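Paired with subunit B in one complex and with subunit C in the other, subunit A is shared by the two complexes that follow.
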Partner chain A sequence: MSDAVIRADRLNKWYGSVIALNDVSLEIPPGITGLLGPNGAGKTTFMRIAIGLLRPSSGAVEVAGEDPWNNLAHNLRTGYCPEHDGFYEWMTGRAFVRWLLRLRGRSRAEARDGAHRALERVRLLDAADRAVGTYSRGMRQRLKIAQALAHDAKLLFLDEPLTGTDPLVRAELIDLIRSFEREGRSVLVSSHVLHEIEALTRSIVLFHRGRLVATGDIHEIRSLIDRHPHSVSVRSSRARELAAALVRDETVAEVSIPAERSLLVRTRRPDEFYGRLPQIALELGCEVEEVSSPDDNLEAVFRYLTER
Partner chain B sequence: MAIVDQSYQPWSGDLQPRRRRIGAMVRVGIRQAYAGLMAKILLLSTYLMVFGTIGILFIASTFQQSVAIVSGNNIYRFYLGSIFPTGILIMTLAALVGGRSIANDLRFNAVSMYFSKAITRTDYLVGKWATVSAFLLSGTLVPALLLWICQWAISREEISAGSRAMDLLALTGHSLVIVLPIAMYALALSSLSRNAFVPGILWVMTFFGSIIVSGILTERVEEDWCKLVSWHNLATRLGEALYEKRVVKVQALGSNLMPIEGTMPYPWYVPAAILGGITLVSALFVLWRMRKFEGQE
Partner chain C sequence: MSSSAALALIEFTARRVFSGKRLWAAIVLLAIPPLVAALLVALARQRAGTPVHFDGITFNLSLYLTLVLTAMIYGVALTSSEIEDGTAGYVLLGACPRWMVALAHVLVTSPLLAALTTASIAATYGIASISPVGVPERGPSVIATDAFVASVALTVYLAFFVFCGYAFKHNMAVSIGTVLVWEFIMPALPTKFMNYTVVMNTRILWLHLTQQGERGRWFRGVVGFDVPTYAEASMFLSVAAALFLTLGMVAAMNRSLAGREGGT
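Up next is the complex of A and B:
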C-alpha cells in the first residue's frame, strides 16, 4: 500500500447540471503538492471535498485513510486557507485566530497561545491588534494561513494563497509554505499560475474542466509551457515608465498597457523575467502593487495536453 | 524531496466540549449583533421607555392605594403581550439581527470557516439560534425582569414569595415563547439570501401580514380559528397560559386585570403546536439550505 495522504477514487461532483469534477482518481504523496489549473478547473471543488466541506456526488476520497465528510477528527488534523476572504472585518487579527481556535475546541489559554504563535509565524504580530478590515491583501493572506496552521494541522490545504500579493509578500509566503514541508507537514496548494507552484514544489496535479489531466513532475509540464509565450499582468502607479523600461529588457517579448496603472507583459522566459522585474522596478524607484498571471498561457498547455 | 526538519508535533490537549465550542460562536455572534447602530438605538429606546414607565408608576403609587397596571402580574404581562412596544420591537430586532445572521456568513464566505473547524452543521444551526434568541431576549426577558422587580418594589399587594416565583417562571417562559420561534424562522429566511435586507423584509411581511390577514378574516368570517393566523396572537395565547394560575390569585385580591390583545378560545397546545411546527420546519429548512450552500461559496 502506498503512503499517499490523499486518495481519490472515481470522484465526481455535480452542482445541478454543471459537472465540477469528472471521474477523478489520484493519489497525492506527503510533502507539498501543487494543484494546478485555470479558474473553474475543479481545484477548489477537489480541495473542499478533501477537507470535508463538500460531499462527492459519487466516488470516494480518503484523507490520511479516513473519509473527511462530517469527520471531527479529520477537521482537527487539517487546516484550510480558503481562496476567498471569510473574515468578520470588525474583529482584530488576533481575536479572529483565537476565536477560530476556540471553534476547534481549544481552551481559552490554548487559543491565546496558539493565536500568538501562529501570528508570529506568519509575521503578523505587529498588526495583530488591528481590525481585519484595515488589512492589506498580503496581510489578509497571511491571516488566512495563520488560522489554518494555528491548531498544529498535519495537513494544510491552501487555496490560491499567493493570489494578488506583491512580489515581496509572495516570496515570504513561498518560504513559509516550504517551511511547513521541512517540519514534516503535508501541503496541498492550488494555483492557476504555474510559476507560483514551481517555486514551491515539483510534484503537481493538473486539472482542466473538472478532469484530471496530468500528475507528476513539474519539469515535464515546464517544457510544454515554454513553447508558449507567458503572460504576466503587473499593476503599478507608474505603469508607463515601467513599460518603457521593461520593453528594453531581453526577457520581455511584448508589453501592452490595457488600462491605467496596468501592464500586460508577454515573455518566453518567465523564470528570468520574474527575477528581473523587482530589479527593474527598484532601479526606476517605482512601486509594483501586484503581479499576477492570467490563465491564457496555462490554457494553451491544457489544450495541448487534452487534444494531443 | 528532502525532509530535513521534522519538528512537527501534533496537538495532544483535551478537546473542549461541544457546548464550549458553540458558546464561542454565540459570544462572537452577540457582539456582532450589538455592534449594529440601529439595534443599539432600538434597545436603548426600549429601556428608556421601561425605566420611564417605572418612574411614573413609582410616583403614581406614592399617591394612590393601588394602580391597576402595577397590580398582580399586569405590568410584565402587558409588556410582553402587547404589540406596541414589544411586538414591534422584537419584529424589528429579528429583522435586523436574525435576518442578517446566516445571510452575512454567506455574503462574506464565512460558512466554510465554521465547517472546517470542529463545528458541525447542527452546531452551526444551534449556535445561530442561540445567538439570535439571546439577543432578542435582551428586548423581552431583561425588561420584563426589570418590571418584575419594580412590581415587587411598588405594589402594595401582599403577594406570596411562591406566587412571585411563579410569575418569574411565567415571564421567562413567555419571553422564550415569543423569541424562540421568531429566531428560528428569521434564520430560515436568512438562509435564503446573501443580502440581509431580503430576509428582514420577508420577516416583517410575515409578522405584519399575519396580523392583518387575521384581522380581516376575523372581521369577515367571524370564526375563532381566524385568530390563529396572527403570529402575535399565538405567542400571546401561550403566554397567557403560563400566567393562568397566577391570574386567579390576582383576581382573588380584587385587582383589575389588564386586557391583553389576541386571546382566543383555544387550549394552549393549539398555538404551541403551530409555533412548534413553524420552529421545526424552519430548522429543517435551514439544515436543507446548508446542503445547498455547498456550491455557493
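Up next is the complex of A and C:
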C-alpha cells in the first residue's frame, strides 16, 4: 500500500454544463507537491475538494485516508491558503489569526500564543495590530499562510501563494514554504508558473482543462518549457527606464510596454532572468511593485503534451 | 468538537453582528421609526389636537418593514456575502460542524438584533411621550410587548434568510421575491393565505398582547373570515422558525463553496 497523503479516484466536478475536473485519479506523496496548470485547469477545484469546501460530482478523494467532506478531524489536520483575498477587513491581522485558532478549538491563551508564533513565522508581527484592510498584497499573502499553519496543520494546501508578490516577498515565501517540508509537513502548492513550482519542489502534478496531464519529476517538463519563450509581467513606476536597462541584459529576448506602469519581458532563460531582475532594479534604484508570469508559455507546453 | 470552539463560534458570530457595513445599515433602518416619531411630534405641536398614532410607527415601521429588511441584511451578510467574499470557508473549516454555524447565525444574531430593535422602539416611545398628546392607550409595558413580538418575528425572518443564503445560489432574488409576494402583497389581499404569513401572525400576537385581540384600526381590510387566535399564531411562528432553522442547518451541511470566482 502506498503512503500517499492525497488519493483521488475518478474525480469529476461539473459547474452546470462546464466540466472543471474530468476523471482525475492520482496519488500525491508526502512532502511538497506542485499543482501546475494554466488558469482554468482545475487546480483550485481540486484543492477545494481535497480541503472539504467542495463536493465532487462523482468519484472520491481521500486525504490521510479520510473523506474530507464535513470531517472535523480533517479540518484540524489541514490548513488552507486560498488564492483570492477573503478577509474581515476591519479586523487586525493578529485578531484574524487568533479568532481562527479559537474556532479550531484553542483556548484564549493558546490562540494568543499560536497567533503570535504564526505571525512571527511569516514575518508579519510589525503589522499584526493593523486592520487587514490596510495591508499590501504581500502582507495579505503572508496572513493567509499564517492562518493556514497556525494550528500546526500537518498538510497545507496553498493556492497560488506567490501570485502578485514582489521579488523579495516571493523569495521569502519560497523559503518559508520549503521550511514546512523540513518540519515534516506535507504541502500541496498550486501555480500557473513553472518557475515558481520549480523553486519549491521537483514533484509536480500537471492539470490542463480539468484533466490530469502528467505527474512526476519537474525536470522532464523543464526541457519542454525551454523551447518556448517565457513571459514575465513586471509592474514598476519607472517602467520605461527599467525596460531600457532590461533590453540590454543578455537573459532578455524582448521587452514591450503594454501599459504605463507595466512591462512584458520575454526570456528563454527564466531562471537567470528572475535572478537578474532584482539586481537591475537595485542598480537603477527603481521599485518593482509586482512580478507575475502570464501562462501563455505554459499553455504552449500543455498543448504539446496533450497533442503529442 | 470542543466546547471552546463552540464558545468561540458564539463570540465570533456576535462580534460580526456589531461590525462592518451591515451594522450601519441596521442602525440606519432602526433609526427610521424614532425619526418618524420626531417628525410627527413636531407636526402635532404645530397642529394641536391632531391625533397621532404612535403605535402605528412602531407597529408598521418597526415590525412590518424595518424588521424584515434588518433580518434580510444580516441573513444575507452572514451567509452568501461571506461565501462571495471568501471568508465563509475559514469558519466552515473550523472545529464546529456546519449545522452549528448556521444555528449560531440565527440564535446568536436574533437576540442581539432584538436588543437593537428594542432600543429603536424605546426611542420611538420616548420621543412620543414628549408630544402634546403623549403615548396613547397603553402603559410602560408597551416597550416590552413590542420588543417580544419583534424578537419572534426577527427569529423567523432570520432563519428564513439564513436558509436562503445557504440553499440558493441566487439567494437575494429568492429572498426578496418571497418576502415581496408572501409578506408584503399577500397580507394585503382578502384571502385565507394571509393567515399563513409571518407578518399577519406577528400582528395577531401583538393585538392579543396589547389590544385584547381586538382588530381595531389595524385590521380594517380583514373581513369575511376569522383571523388566527393567539395560540394559532404562536404555533405558526414557532413551527416556521423551527422549520427554516432546520432547513438552514441542512443547507449549510450540503453547501459547496466554489470560491469567489466560482471558477476552476
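Please note the rule applied: the second predicted complex is superposed on the first by the 308 of 308 C-alpha atoms of A that agree within 3 Å, B and C clash if a C-alpha of one lies under 4 Å from a C-alpha of the other, contacts with A are read in each partner's own complex, and residues count from 1 in each chain.
What we mean here is this: a residue touches a chain if its C-beta (ideal position, glycine included) is under 8 Å from a C-beta of that chain, and two chains touch if they have at least 3 such contacts.
All figures in this text were calculated on a predicted structure; none of them were measured in a lab.
In this superposed model built on subunit A, subunit B and subunit C take up the same space, so to speak, and clash.
In the superposition on chain A, A:G138 makes contact with neither subunit B nor subunit C.
Once the two complexes are laid over each other on the shared chain, residue contacts for A:D85 go to subunit B and to subunit C alike.
Once chain A of one complex is fitted onto chain A of the other, the partner contacts of A:L103 extend to both subunit B and subunit C. Once chain A of one complex is fitted onto chain A of the other, the partner contacts of A:Y15 extend to both subunit B and subunit C. In the superposition on chain A, A:P161 makes contact with neither subunit B nor subunit C.
Of the two partner chains, subunit C is the only one that A:G210 touches; subunit B does not reach it.
In the overlay built on the shared chain, the residue A:G40 is in contact with subunit C alone; subunit B does not reach it.
Residues 15, 20, 48, 51-55, 70, 72, 75-76, 78, 80, 82, 84-88, 90-91, 99-100, 102-107, 147 of subunit A touch subunit B in one complex and subunit C in the other.
On the side of subunit C, the complex with subunit A involves touching residues 1-2, 4-5, 8-9, 11-12, 16, 19-20, 85-87, 89-98, 253-254, 256-264. Residues 15-16, 20, 31-32, 48, 51-55, 70, 72, 75-78, 80, 82, 84-91, 99-100, 102-107, 110, 147, 151-152, 154, 179, 181-185, 201-203 of subunit A touch subunit B in their complex. Against subunit A, the residues of subunit B that register as touching in their complex are 1, 3-11, 13-16, 20-21, 24-25, 28, 32, 35, 108-120, 294-295, 297. Interface of subunit A with subunit C (complex): residues 15, 18, 20-21, 40-45, 48, 51-55, 70, 72, 75-76, 78, 80, 82-88, 90-91, 99-100, 102-107, 147, 210.
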